């Protein structure tokens, strides 16, 4: 039997994080918590979502199980739940019941074998480690989006830098070590598509913690700690080849 | 002479309630208050609006009178009045003056005989009586709207239930007697079009009182008490024939 | 060297005021402050913007200078600055740097000689002087916009009046001397295009001061004092010929 209760904010964050990349996904109910990961159809980005069992109000999972669900639908439903309200997920053979307040949704399950196989998480050696407020990162991406479709992440002794160039203008976002929560001072530089970064930022806001692992012409890892640390969402994004 | 003053919220509620079904309507200024009723062009729903004279700040009606107005226009105007601000309606032979703050609108009257005749209010024997918060009802309708275009209202010993079925999912909204303000425990079941219910709900919010009278394969009566009880709006909606 | 610091609200107001009429403009950094003026492509309206040096937090202008900028771009950037946050404008030979928080934009300059020559400010004898809250004026224009594309400004002994006529309705906005902040009681009447007035009103809100100078079949001058008096924006709008 699988019967778990969490607050609405947690469900919303999980669903939103996954819909950034795919519309159907496998959700694992493991002993240590809920887990999901998926790769977008273009194979450019991966999402890894973890909600530890301590983040649930109730976590009754007799036996580990994987289900397939329409995440777009669940995100849509989760939008009508208030953040602090509790929501219950109750699993039967063929249905997932989502209960909150006086409302009970029944959503059909998708055969997990019909959903694209889960990716292996790549092992990456990424020298730079930056920890910052996710809201600041979101500001940088939003600003860059106004003038370009790609952005350079750069790290050097002076701090962490986001740069974008338009036809006639340029934006530089610079955070020095003192403005960052943690910074190991390593050097690296890679270019990324803003389209993806914009999607990733949608789940985060001011007050959420973001850990960035950056290499040179290598994928970047963006680990967001959301909903007061209850949900961990990591995105891995492939670099764009620099034409410069 | 007809010269009445009410707060802006009352005028807005009246106009919004009627525009849900028709764009032109007759308004009666009676000794006991303002009254209007109309049927939508498809003959599926009726609206009955009553604003008792006690709900006005000033109610000078020398002689009972009926006028024809463009309700869409009045709703449009009423949106620019703040809820607590007073608004005056002043009637001349050919015009309705709507005055608030420093603004005075003059709206041409429509010959009432050019507007579709008012319906008779049907006598309906409806066994179920439910009184609930209109905001809860609105949530149920909004949720159901996401997955279907029709909805079943059902009442049994366990309480009042709203159900909708989509292709792959289902929603059940259940309120037990203890969650309802009043409930007579009678049984009935009818199906309705969500399109109409959505329109009706637009006038109401959390804190407004809703009385539902339900029968089996019979029209439903939805009586909303709005603007702190100053405005009574009743909708009568014909059932859809169940294809189940 | 030109290096000035102001609050974000001031920059936003300046850019918004100018974009109402043109997308590229000359900005003068004078000893007494920042100044700009421009005429719209149809030659119907002029905007004159002044930010006295006292309105800046820092105003380092060694030598008076005029630059050409893409005001749409600057307005776009300014929207991401919070009103109370400080923003720095730093001028180099070819670029204008706009710095706030951790963000630095570099915007290319436009050769001022490539931008339409600045208009001379016309000398107008306008008998009526009205001073009022800009928010009230905005309400009148917004209301009139619902029923017509032109509006009459009229002043007589009873006060200042804005009138618009639609096919079947009419709106009159009337402010008596006691409701106005200042009024000289002179008489005049002219008709104007609502399209322009709507654009002008976007910069102002309740609490901002508006001085109107009106003549008969003559341009009107609308002087807005914005951002707590830090920015002065004057629009001069040509009248429409009355077809009445």
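Note that the chains take the letters A, B and C in the order they are written out, and that residue 1 is the start of every chain.
Here, contacts are C-beta pairs under 8 Å (C-beta built on N, C-alpha and C of every residue); 3 or more make two chains touch, one makes a residue touch a chain.
In this text the structure is predicted, and so the values were computed from the model without any measurement.
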Intersection of the contact lists for chain B and chain C: A
Same vs different contact residues, chain A with chain B, by half of numbers used: different
Chain centre separation (chain A, chain B; CA means) in Å: 44
In chain B, residues with contacts to at least two other chains: none
Interfacial residue positions of chain C with respect to chain A in the complex: 70, 73, 76-77, 80, 101-108
Residue ranges of chain C touching chain B (in the complex, touch as defined): 136, 139-140, 142-143, 146, 168-175, 179
